[in-house]
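Each chain carries a letter (A, B, C, D, E, F, G, H, I and J) given by its place in the written order, and its residues are counted from 1.
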Amino acid sequence: MGIIGSTIKLFKATAFQAGKDFFEVTNEDIAGKWAVFFFYPADFTFVCPTELEDLGEKYAMLQSMGVEVYAVSTDTHFSHKAWHDTSEKIGKLQYAFLGDQMHTLSNNFGVLRDGVGLADRATFVVDPDGVIQIMEITCEGVGRNANELTRKIKAAQYVRAHPGEVCPAAWEEGAETLAPSLDLVGKI
Amino acid sequence: MGIIGSTIKLFKATAFQAGKDFFEVTNEDIAGKWAVFFFYPADFTFVCPTELEDLGEKYAMLQSMGVEVYAVSTDTHFSHKAWHDTSEKIGKLQYAFLGDQMHTLSNNFGVLRDGVGLADRATFVVDPDGVIQIMEITCEGVGRNANELTRKIKAAQYVRAHPGEVCPAAWEEGAETLAPSLDLVGKI
Amino acid sequence: MGIIGSTIKLFKATAFQAGKDFFEVTNEDIAGKWAVFFFYPADFTFVCPTELEDLGEKYAMLQSMGVEVYAVSTDTHFSHKAWHDTSEKIGKLQYAFLGDQMHTLSNNFGVLRDGVGLADRATFVVDPDGVIQIMEITCEGVGRNANELTRKIKAAQYVRAHPGEVCPAAWEEGAETLAPSLDLVGKI
Amino acid sequence: MGIIGSTIKLFKATAFQAGKDFFEVTNEDIAGKWAVFFFYPADFTFVCPTELEDLGEKYAMLQSMGVEVYAVSTDTHFSHKAWHDTSEKIGKLQYAFLGDQMHTLSNNFGVLRDGVGLADRATFVVDPDGVIQIMEITCEGVGRNANELTRKIKAAQYVRAHPGEVCPAAWEEGAETLAPSLDLVGKI
Amino acid sequence: MGIIGSTIKLFKATAFQAGKDFFEVTNEDIAGKWAVFFFYPADFTFVCPTELEDLGEKYAMLQSMGVEVYAVSTDTHFSHKAWHDTSEKIGKLQYAFLGDQMHTLSNNFGVLRDGVGLADRATFVVDPDGVIQIMEITCEGVGRNANELTRKIKAAQYVRAHPGEVCPAAWEEGAETLAPSLDLVGKI
Amino acid sequence: MGIIGSTIKLFKATAFQAGKDFFEVTNEDIAGKWAVFFFYPADFTFVCPTELEDLGEKYAMLQSMGVEVYAVSTDTHFSHKAWHDTSEKIGKLQYAFLGDQMHTLSNNFGVLRDGVGLADRATFVVDPDGVIQIMEITCEGVGRNANELTRKIKAAQYVRAHPGEVCPAAWEEGAETLAPSLDLVGKI
Amino acid sequence: MGIIGSTIKLFKATAFQAGKDFFEVTNEDIAGKWAVFFFYPADFTFVCPTELEDLGEKYAMLQSMGVEVYAVSTDTHFSHKAWHDTSEKIGKLQYAFLGDQMHTLSNNFGVLRDGVGLADRATFVVDPDGVIQIMEITCEGVGRNANELTRKIKAAQYVRAHPGEVCPAAWEEGAETLAPSLDLVGKI
Amino acid sequence: MGIIGSTIKLFKATAFQAGKDFFEVTNEDIAGKWAVFFFYPADFTFVCPTELEDLGEKYAMLQSMGVEVYAVSTDTHFSHKAWHDTSEKIGKLQYAFLGDQMHTLSNNFGVLRDGVGLADRATFVVDPDGVIQIMEITCEGVGRNANELTRKIKAAQYVRAHPGEVCPAAWEEGAETLAPSLDLVGKI
Amino acid sequence: MGIIGSTIKLFKATAFQAGKDFFEVTNEDIAGKWAVFFFYPADFTFVCPTELEDLGEKYAMLQSMGVEVYAVSTDTHFSHKAWHDTSEKIGKLQYAFLGDQMHTLSNNFGVLRDGVGLADRATFVVDPDGVIQIMEITCEGVGRNANELTRKIKAAQYVRAHPGEVCPAAWEEGAETLAPSLDLVGKI
Amino acid sequence: MGIIGSTIKLFKATAFQAGKDFFEVTNEDIAGKWAVFFFYPADFTFVCPTELEDLGEKYAMLQSMGVEVYAVSTDTHFSHKAWHDTSEKIGKLQYAFLGDQMHTLSNNFGVLRDGVGLADRATFVVDPDGVIQIMEITCEGVGRNANELTRKIKAAQYVRAHPGEVCPAAWEEGAETLAPSLDLVGKI
């Protein structure tokens, strides 16, 4: 029932990505890689472009970490392309935009706003096994922070790579980690 | 159905807080104030104290912002007190710990791990109307970041106080905000 | 169960119309007037603009006949405005566009394409009592004809105004009508 | 759930056609050809004959286009023949009339008027795969237009024959069509 | 559950009768009189006119006995009028024809042929209280006999008028009847 | 659902017939022959013997036509025998009486009077395939007519023997029949 | 659930009794008196008359004891009268016979033989409050004994009249009874 | 549904019998023999011992007839033994007592008194096929009669041994029986 | 769901107690007093009398403490009296025995052995509010200990009388108790 | 349905035991040995440590008797260890503590307090076949007695080892036992 630790559900969506023809993305396409699903309410609106731009600045680094990025709204791929063609901020972005006009992804991740038809401002990090490891949602009007997202993905990758170690609060790449053991119980 | 924008459910829990006798906290007690519910898996374990300490360092500031903090695990209030008495890190903390051995809060917020009986590493920010505005969950082994939490609460408070303005990505207190209008549609 | 003769269901949608701020349209707003609901699949696509332009050329006449026109797709009002801002053909149109990203209207009129999230190319004419009198749907790739639509609305208005008369096939304004009576049974 | 794009349901009806003995028509008989189902309320009534005559004038052309025509009412084939024998207008018609006294076809196509037992004034165009591609219904008293029907069938046949092209609004045979492509998105 | 002795169900049908405009007949209209419901399969067919003519010859007598006659088929009142206008045999008939294209009467009396949409060749005699007293059905191809029908109605009227008497087999008007009593038990 | 054209249901009953020991009759015994089921309310009562006697006079003729006759009431076979032994009228009858104290036959044919436990005065003619072809029920106090019954059986046998012909109203053996054809539609 | 001690259910039956016209008997008619319901399989059969005759010899005595007797089979009251008229043994009987062709009484007392439609050979004694006090059933072929029945009714009447006393095994009128008390427990 | 003619249900009970250790009795143990189940309310009470003693006097004869006897109450086998040890009347009895503290037998035979937990004063005779042939129940305070019971068992054994013969009312061993035949119907 | 802390259910039973006539005991009779329900399998058996005797020795003391004692088995009150009359050990006992042949109490307290019809060797202590405070069950063959039972009842009475104090393990009357407080948490 | 005699249900729990790493205990681990499940409300509380200490004093003896001991509360194994580390009384205990934060064991044994999330003060003794033989629960504030528990386990082991013998009330090791037999019935 918990979100964290659950496997993502089936989906199929048409994507727009700069320099490519429209293409389909399904849950199978993301297997074997880390993926970020970055939901936002609507094309052509206000906070969204700043968040999308903020995330765009980390895209090269995330790719180098083996992380694919999918921006998702309930707009169509046609609308995504039109936005990309006409907005300077959005026109620079290199990652894919999924058209979720069927609401499949928004419902799968539980972020469709009741009575509105738009997605929440929600981020999900999925590991190469299709399991959700990190999530975050902020209310309308509160922008997310790509820096912090990147920090948490690094920690999750570290933990996956180093069984037996855990990353303390506000851990940054390179900082010390902890190795739980019986003797540590009640001692931290 | 969505978590963000929903009102918190009824609960009643016994709390331990430094310098007080045990006391009851219910959903009614938190009305009219901002509240943070900071879930963690278990007393006497590893990542938890670093996160609780990290949050502890922001407690004074959060209080000055009108935000109350509740740490929650499925341990009892007896166990919370015992941990406070015996751990140096925990012993310094001034905010309240709720005993959720009934699993009410963990189930209410959807963060009880199936087949484990422990809560996720999850944070929820509730506004004075009892509405959840911000949430975050990280997998086992990935510590949260009280700095980022504080940044988002400030943004949420700003937005509540200034209808008609929204905070862009990675906004910090004092930075510029946006004022959506018809003319801005498709222009950012 | 039949569509013709049924009353339209409740709806509420945000509209974009040239020269106005966004505004809400509900089933109550259309009471007392004739209305055309002109569904099309998506903003920024191909056949749609020719149909919308063709209909645009009749808009003045339809208004003079007391008929309001609503173009509807599952895009948002933000997207409608962006399309209006960037497309020459669409930019000239004066009637309202409804954002149906909740799929309410498309479902109400039974024209949401299964597994696609887009509306059919469908037209509905609603009389001042909110009753559907005329409908038409064409498959993908076949454009409608605003001329014929206008002809049928005139006939429906004539019949409403002249109880006891009916308009024969391909009737044009001013042509003769028929007055059914017992004696005519089996005589035409 | 949508009508357009759905496959016609099973039916079996007895037909009358000038110059033939009564014969059965089923959904299997129409496979591989285009078909028009032309519903009307009742034999021996008023608007109906003008519409049936109007359609009769296009019958030769429709046959040359590979389109079969079936007029349908809830009368029996006996009644159809008697009407054909005694009405000058109807006596000239060469296409088949289906007896739908069981209401099967009227229910299959959703056009049986509640509490009346008569069909709507409804037209359905079915392609050689048995899929409904075009439909139209007008209220009592408003006659249809065989000219426009023919125009739409030509467009649907053109689109079927030329994958990748679509017919704009009010397209007439021989006029230009459109070829959708990524580059056209947002450009019409 | 038995038919004989049951009260007729609600119905409403449009009637054609020579020399009158179309009119409605309901179950309430027949209260207080004897009524014959004379079902037949279809207008313009074969056995039916001979039966209807045979019944027509008794109509004056039946009226003088206070018995109203309703011929019923699943054709419309339009079809009934057209048949009356064009058939010599039917054109002479003075009783009413009910249009049962909704199948209400045929279903009420249990005589709608499965998978055909036509009524059985069935007769029902209803007394002034709306109770069915006599019924008869014959298979396709076997004509009824108005003489015998009249004989039975006379017997039923006699029995209603003379409580305590019963009419023996093949009783004809004026013949002797029986008066049951304890002493007759086992003595006939 | 209609009675005419339906196949008789399973039954098993003990029969009394003059000059034989009691014997069982089931639905299988009547296969391959025409059969008349002649229901009447009760042994030792009033109208019944006149009807049974009237039918008795046709029994030889019916047998020569290949028709078997079964009188049926809800009395036992013991009671049937006792009646036969003690009543002059009944004592002459040669056909079989079925004991239906289980109500199986009365229920099968739908003629058990509610709240009484006695059968209606009902006749059913079953063809060699076990299909009901003719039925008749009269109310209490109205005797049937074996003459008319015989006339109808002859017509039903004629129609079965001469596919393509039908017997008009009040047809008697040897009279003319009709041969339906397309050309006759609307011509009688 | 037990039979003894339960109140008899509602019934209504037509009775035959020597020297009277047919009359109705219901559960209300037996209130305030003792009653014997004496079921037997069928009129005109074998063991039954010996049992009925045996019971007939006690009828005067039973009446003097305030006990009414009802013989019951699934035959009609007509049949009961006919049997009474024609059988020497039965003709002498003075008590009432109930016609249970509806099977109401046989079902009420649970003695209808499955798949047969005849009652068991069963006796029930009902007290003036309508409560069953004594019952007995024997299989086919085993006759009952009116002597023993009378003995048991006398004992039941004695016990009702003398609260605090009970009749030992095989008690006969006038013999000693027992008066239970605490001191007798374990002492007999 | 009827008791007579039904097969006894499964049971298992612990028995006490003079001169034996406790032993189990099940439905299988009684197969192939006649059996009497003699229910009574409770050990250590009043009428019961007189009935049990009365039956005890017939036990030798019943055994010689191949009939086994089981006394049954809802007491335990421990209680049965204690009663046998302490009561003079009971101490003489040689047949088995079944402990029915589980209420299985009392429920199987339908004689558990509602809201009391004690069995009725009921007797059942079961034939060697396990089929109940004779039953009897008397109310509290009315003792049974072992003489009459023996008479009925002899009749039932006679009927079983002599197919085609039946025992008249109050038949005693050696007396005449009846042989039913068609000719006897209505003649006794 | 838990037994301890639940209120006892409704019951009604007949009791035997030395020197009294049989009397009824219900749940209402025990209100306002402490009560012990002492279940045992069966009268006249083995371990039971030793346990009942052991409890008997404490009866005077328990009465002086305001505690009433009820021994309960599924035997009747008749059997209880007989046992009391014939057993030396049982004959000395002064407390009441309840007859639970209906199994009401055994089921209420959940101690009826499946498939046996006897109660467990179970003890329940009920406080003056009808709430179960202490319970104990031992398997067949293991006797209870009235000493320990008395100790626990004293502790329960002490705790009820002294809110804020608790009795440690193996506490005996007069020994020290504990007074829980925040400061004691984790300190014992 | 009874607890005594039922087999324990499936469980899996993490255990803390002095001198060992955390380990899992399941229902399979306890097969083949006697086991005591000793539930208590919460770590760091008041009565509990006195009971746990009291039991600790018997642990060596119980082990020598082949009995394993499991203390169980709804605290985690982390909390159990922390308590052991910090409490003098608890720190001496050598038996295992199971973490039941999932409430599985508390629910399995029916001792979870409604609305509290803590276990009752309950003891269960399970034999080597996994069958519960002895149980005891006391209310809050009443401590158990390890002496009496040990006495009962010895008795249960004796009975298991000596079929045919039973231990009387308050039996102590070495004291006399009873051997039930038919002759003893009613004699103790």
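Here is the rule we use: a contact is a pair of C-beta atoms (placed from the backbone, for glycine too) under 8 Å apart; a residue touches a chain by one contact, two chains touch by 3 or more.
For clarity, every value in this text was computed on a predicted model and none was experimentally measured.
Chemist: Which neighbours does chain A have in common with chain J?
Modeler: B
Chemist: Hey, which pair has more contacts between C-betas, A-B or D-E?
Modeler: A-B
Chemist: Just send me the rotation angle from a CA overlay of chain C on chain F, rounded to the nearest 5 degrees.
Modeler: 180
Chemist: Measure off the straight-line distance from the CA centroid of chain C to the CA centroid of chain I, and report it in whole Å.
Modeler: So the centre of chain C lies 82 Å away from the centre of chain I.
Chemist: List the centre-to-centre spacing of chain B and chain D in whole Å, with centres computed as mean CA coordinates.
Modeler: Result: the chain centres lie 64 Å from each other.
Chemist: Between chain H and chain I, what is the gap in Å from one C-alpha centre to the other?
Modeler: The computed centroid separation for chain H versus chain I comes out at 40 Å.
Chemist: Got the chain J residues that touch at least 2 other chains?
Modeler: 44-45, 78, 81-83, 85-86, 185-186
Chemist: Draw the chains as dots and join the ones that touch; what shape do you get: line, ring, star, complete or other?
Modeler: Shape of the chain contacts: other, as it matches none of the listed patterns.
Chemist: Going by the touch definition at the top, which pairs of chains touch each other?
Modeler: In this structure, the chains touch in these pairs: A-B, A-C, A-D, A-J, B-C, B-I, B-J, C-D, C-E, D-E, D-F, E-F, E-G, F-G, F-H, G-H, G-I, H-I, H-J, I-J.
Chemist: Spell out the part of chain J that touches chain I in their complex, as residue ranges.
Modeler: 1-5, 44-47, 49-51, 53-55, 83, 86-87, 89, 110-114, 120, 122, 133-148, 151-152, 155-156, 159, 165-171, 178, 180, 184-188
Chemist: Once bound in the complex, which stretches of chain J touch chain H?
Modeler: Residues 182, 185-186.
Chemist: Can you tell me which positions in chain I touch chain G when the two form their complex?
Modeler: The contact residues of chain I facing chain G are 21-22, 78, 81-82, 85-86.
Chemist: In the complex of these two chains, what residues of chain C are touching chain A?
Modeler: Interface residues on the chain C side: 42-45, 74-76, 78-79, 81-83, 86, 101-103, 115-118.
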